[in-house]
Amino acid sequence: MQWKWIVLGLLLWLTALPAAGAPVSDETYECLDCHAAIQPGLVADWRNSRHAAVTPFEAMQKNPLSRRMSNDSVPETSLNVAVGCAECHLRRPEAHADTFEHNGYAVHTVVSPADCAACHRTEVEQYSRSLMSHARGNLIGNPLFTDLERTISGAMTPADPRHDFKAPDEETRAETCFYCHGTRLRATGTVIRDTDLAGELEFPVIDGWPNQGVGRINLDGSQGACTPCHTRHAFSVETARKPYTCKECHIGPDVPVYKVYAASKHGNLFESTKADWHFDRMPWTVGRDFTAPTCAACHISLLATPDEDVIVPRSHQMNDRLPWRLFGLIYAHPYPSHPDTSRIRNSQGAPLPTDFDGNPAAPYLIDAAEQEKRTNAFKSICLTCHATGWTNAFWKRFENAIETTNAATLTATRILSDMWSAGCVDTGSRFDEMPEKWWQDIWLFYANTARFAAAMGGGGDYGVFANGRYQLNRRLVELEHLRRRCRGTDGSP
Amino acid sequence: MQWKWIVLGLLLWLTALPAAGAPVSDETYECLDCHAAIQPGLVADWRNSRHAAVTPFEAMQKNPLSRRMSNDSVPETSLNVAVGCAECHLRRPEAHADTFEHNGYAVHTVVSPADCAACHRTEVEQYSRSLMSHARGNLIGNPLFTDLERTISGAMTPADPRHDFKAPDEETRAETCFYCHGTRLRATGTVIRDTDLAGELEFPVIDGWPNQGVGRINLDGSQGACTPCHTRHAFSVETARKPYTCKECHIGPDVPVYKVYAASKHGNLFESTKADWHFDRMPWTVGRDFTAPTCAACHISLLATPDEDVIVPRSHQMNDRLPWRLFGLIYAHPYPSHPDTSRIRNSQGAPLPTDFDGNPAAPYLIDAAEQEKRTNAFKSICLTCHATGWTNAFWKRFENAIETTNAATLTATRILSDMWSAGCVDTGSRFDEMPEKWWQDIWLFYANTARFAAAMGGGGDYGVFANGRYQLNRRLVELEHLRRRCRGTDGSP
Amino acid sequence: MQWKWIVLGLLLWLTALPAAGAPVSDETYECLDCHAAIQPGLVADWRNSRHAAVTPFEAMQKNPLSRRMSNDSVPETSLNVAVGCAECHLRRPEAHADTFEHNGYAVHTVVSPADCAACHRTEVEQYSRSLMSHARGNLIGNPLFTDLERTISGAMTPADPRHDFKAPDEETRAETCFYCHGTRLRATGTVIRDTDLAGELEFPVIDGWPNQGVGRINLDGSQGACTPCHTRHAFSVETARKPYTCKECHIGPDVPVYKVYAASKHGNLFESTKADWHFDRMPWTVGRDFTAPTCAACHISLLATPDEDVIVPRSHQMNDRLPWRLFGLIYAHPYPSHPDTSRIRNSQGAPLPTDFDGNPAAPYLIDAAEQEKRTNAFKSICLTCHATGWTNAFWKRFENAIETTNAATLTATRILSDMWSAGCVDTGSRFDEMPEKWWQDIWLFYANTARFAAAMGGGGDYGVFANGRYQLNRRLVELEHLRRRCRGTDGSP
């Protein structure tokens, strides 16, 4: 009986064992002194984080494959302390427009990738080459997309003979497209608040805040954000490697990748066996740490074999294994060669990666050689579990799905073009009337879904009944029904 | 080698350690004697429950913050025994219309909140002030809502010149709206069944049973049910604190809060890190027991800081931190001041919380001061992890979403009103024709979804493409298309 | 301090304890020698599997209730070795059209149920009586269903006066219906590939591969596949017992059973408490190993009480507890009596299990006595947790839902029939025009969803707003709107 309690005690003690914890700087100590009481949730996340447990010096001793920190040096003062409040929120005070005096320190609220680059420069640089870091500009710098946005998030104003849409206000924009794409932050002044612990204090007022969009424009002029995936204040790679993180912006129906993944064999294995996986290891070892890919495994993480051979390197560029851009605007197409897609012009001069008939705007897209290189890089991941024959046949079907869904989009575009030509639909905006909305459904939801289902082995329902080909063909038939009615060829009385 | 097996043995023994178990009453012992064999699943749930492990006497010794039981006394006979079968199913036999003689005892099948009040009176009283406990009456006592229900769950009867809908039968009702809202239970007689263990026995027949709807009318006349959330027979607070419980009735698309939550940062953290959380602790401590809110954290649970400061008290009223009712019927509006919403009359005398143009039925809704009080109570939860600036800006966007989605509903209502006025749509029922169904989609699904996305930080897809503003505007355009066609202003041939 | 590290060390050592592992055959050893390096993920799955840990001889020593292997003998050479690569991929080389010479062995890529029957004959035989094993033929052998498939997965070809659909190509088919239903595999030749470890090698080329569809036609002529549920190469019963496996093909909206389950009380308990369940035990004991059913519990697994009484036997036939087929084609109906449903003819000679008015094709369906037998078998599972009164009332509502949703389908069919009769809709194909698509929505999505919600206690949203009766009645009203417009009875100008 006694033994039982001794062992039970030991167990409890061991499981309750706190992370050893690195020493904190004096500045961070002072921050924690108040904020641990004011914001216990936030501080607890940090306390349980690797940033609180390991110093940059210790992080740099790891062997190359196990390194989480890419820089080889950090400022002397940060070298042997935990990466705490001060190490991030006091960095480069002169660079941040929201820097304010707070308890004797020059603090800024919004930490940017340029701050994170103090330790993670390689990742920040890679990320700057991803489309995600340009997500705001790629939308707001493209007149066609902002017109589409207006008809989605703006207020409809009925009027005869034609309704219209007002541009959405900034509060709405921050909650809709730019929730994920990222707001532009602007320090617009200060406000004085009465605080529990320190009486009246002055704080900056920041337009566009809060926001964790991937292409946020920060107050030091940098663009992008690390926190959408490496959630504050744990910044946990475990969380980033789980598909729930990607789900925040990719539940669909425009990019339904989380849903497709969750219904795939890979998603089944993740949910069924994840309790036995190790999401925190570096490198991430196939067969030992995990036995089916998550989003991160295919698109970002450094993967290795149990023999420590590198399968693919870490990539925060995220598209260097992507030969195709599946998110059809309006057709799927070879991946853009530059992350700033607002520069793209198709052969008609419109800011689209393809013509209206699907012909790619080749000068702005990667070429066949680069596509092949990326394809092979991607397949090298598949091949750690699947045979070459399997992998190649899978890929062939996937590219067939690109072709057939692009063809369906072309069919829809031709039907609508006929209505435009015939004056059935006004051409002032290409997005604001019923047939135009139905056309959008086809490429934005159904063709995309069918392609993502093909890409991620989540065929079955997402390829067919769950916003897939069933709905695509239904919409085509409905659109054609409208066209015939307008053209007087429907034989209706 | 030997050591290994000793420690392994100890571990197995410890993990298999049964809950110590409180002594059971003689009556409960007799129940278990048969039912453990007949219904092993049900009995196992109870055996693993806190009800089986702790006596009321022990429960009352806890310090106030750790109390799970609100009463300070219980009947002497229940004081030092487990809360077993008999303690609930033999309570107040005279009060229950389904009480029947069973093996010498006066047993009732359906345990009601009034029974639970023997130990949990405070929670039962709070719950009686929630809209949930009135969910049945609020639907069935409102002629507009029952007309809506008829067109949803009833059978369509096509007929020229106008189709109609039959009222749904009671079996269908128990499976549709009243599955969640609650059935009215009625003891209608008895039946004799041949049983394996005791031969022929008589049992009550109960109309409307089974049902775990939140506003169930019980056989002792009480209304409400505890078991929708505190699932029989474990009655587990762990389960009630997980969002899967709320999902049972709130998957949407009318109130898509589970989906919105699951795609939010909070939902991501819950799914990604829940294995390290403690869902059973009392009080529920921010940063120690959990690091992101679940439904219960914001709406119900007693939350504390690690220093044992109370952040918010426990509330089974569930709406005392809710300034707004987002579920637009047909507009979002200040929260009703009384849980019986069937009393509400708008300025036109209709049983709706707003006029048809969105003007609130103010006498029946909380006033601005109460709204502010509830807002501040809610924000006190946000502030345990977020700064004041963040929290206020978030809230401002949320209230902007209420305003803009209400405006969109007004636009839809005006389009439909024009069709009603012009005789394009029959006004016998407001819910049974195509334009009316499309109008319902706008406020019941799309405006609601956009608001819940704003409320719960699940912006992105649910604010836009996933039954959000995209679909809202598409439906507006479609509705306007119908109006123009009917009004002859569509320029169609 | 020292103690802590000793115990921590012991714990780590114990948790890292590898499965002991059965001896591998010489042939398997040789396979692993290369493939462990080439495909570490695949090999790791196998190494962690029961196939790697237990020999057939050991498996046969288990008591009957705990047996996972149904055969009483296996080939001598396989008796005392792990079930490794060679034991499956070298079996019956003469039977498989994809057998190829590989490193001195006659290897086949695609392992079939006929191979698995070496140890699991009973399960293979049961499975051959399930509709799943006939899923390919039941679709492709039915001219009505292939016509439906054409309008879903084929390319629409607009043309005046009528559009049409092309039959989908084989790549598309493998990614859509036949992803789940199963492809027909065909060895069409060989290809030589340069490999890292062995230079140029010859491999078979297999049309239709990869595929894990339940009704796959294999290269030994057998039909069906075990791997859709018992995923390669772990073949884990734990995974098969979790609903994520079934979700791969049953996310809906045609058969939305995963969604319905996930929103039911059972699904809530699974998600909330699964960490404490034992998914690997044989038999699967109610109340000890799990406390709410998963898909497998009701449809497949051998369930026992804690006293080792069998509640229901294992059934890979999967339908011997199913009195009804809910998946309405086009009406729900008594379960087919033979798994090959392409034989069915209704009274009009069409390959449908009911007439167009819902009258069952009785000679091809089970009779009332068999329905009752299956109903009672099913209820015996419910009764392990629920009382008889509860269970019977639940079942009555469920059968009422079958009746009312069939009636709604009849209403829809009559509306459409009137349009067919009046020439509003062409009758060349029954599936390719707008009113026909809307009619499909009614029976394929909405009536099905309402029935599955009734069957699985996931009422509430899936019975009403989530593709349930709300959408069903909305579509009925829309369809009737079309009929009236065509018939000129809509009073429109």
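We call the chains A, B and C, going by the order they appear; numbering starts again at 1 in every chain.
Convention: a contact is a pair of C-beta atoms (placed from the backbone, for glycine too) under 8 Å apart; a residue touches a chain by one contact, two chains touch by 3 or more.
Just so we're clear, the structure is a prediction, and the values are computed from it rather than from any experiment.
Peer 1: Classify the chain contact graph as line, ring, star, complete or other.
Peer 2: Chain contacts: complete, every pair touches.
Peer 1: Examine where the copies chain A and chain B touch and state whether the two sides share over half of their residue numbers (same) or under half (different).
Peer 2: Different: when the shared numbers are divided by all numbers used, the fraction is under half.
Peer 1: What's the rotation, in steps of 5°, that superposes chain B's Cα atoms on chain C?
Peer 2: 120
Peer 1: Taking the mean of the C-alpha atoms as each chain's centre, how many Å separate chain A from chain B?
Peer 2: 33
Peer 1: Which residues belonging to chain C are in contact with no fewer than two other chains?
Peer 2: 7, 11, 275
Peer 1: Which stretch or stretches of chain A touch chain B in the complex?
Peer 2: For this pair, the touching residues of chain A are 3-4, 7-8, 11, 37-45, 48, 109, 151-158, 160-161, 163, 165, 169, 171-172, 174-177, 179-180, 191, 193, 203-206, 209-210, 212, 231, 234, 236, 238-239, 242, 244-245, 247-254, 275, 432-434, 437, 441, 444-445, 485-486, 488.
Peer 1: Under the touch definition given earlier, write down the residues of chain B that touch chain A in their complex.
Peer 2: 7, 10-11, 13-14, 259, 262-265, 267-269, 271-273, 275, 286-288, 291-292, 305-307, 383-390, 393-394, 396-397, 400-401, 404, 407-408, 411, 414-415, 453-454, 459-466, 468-470, 473-474, 476-478, 480-481, 484, 489, 491-493
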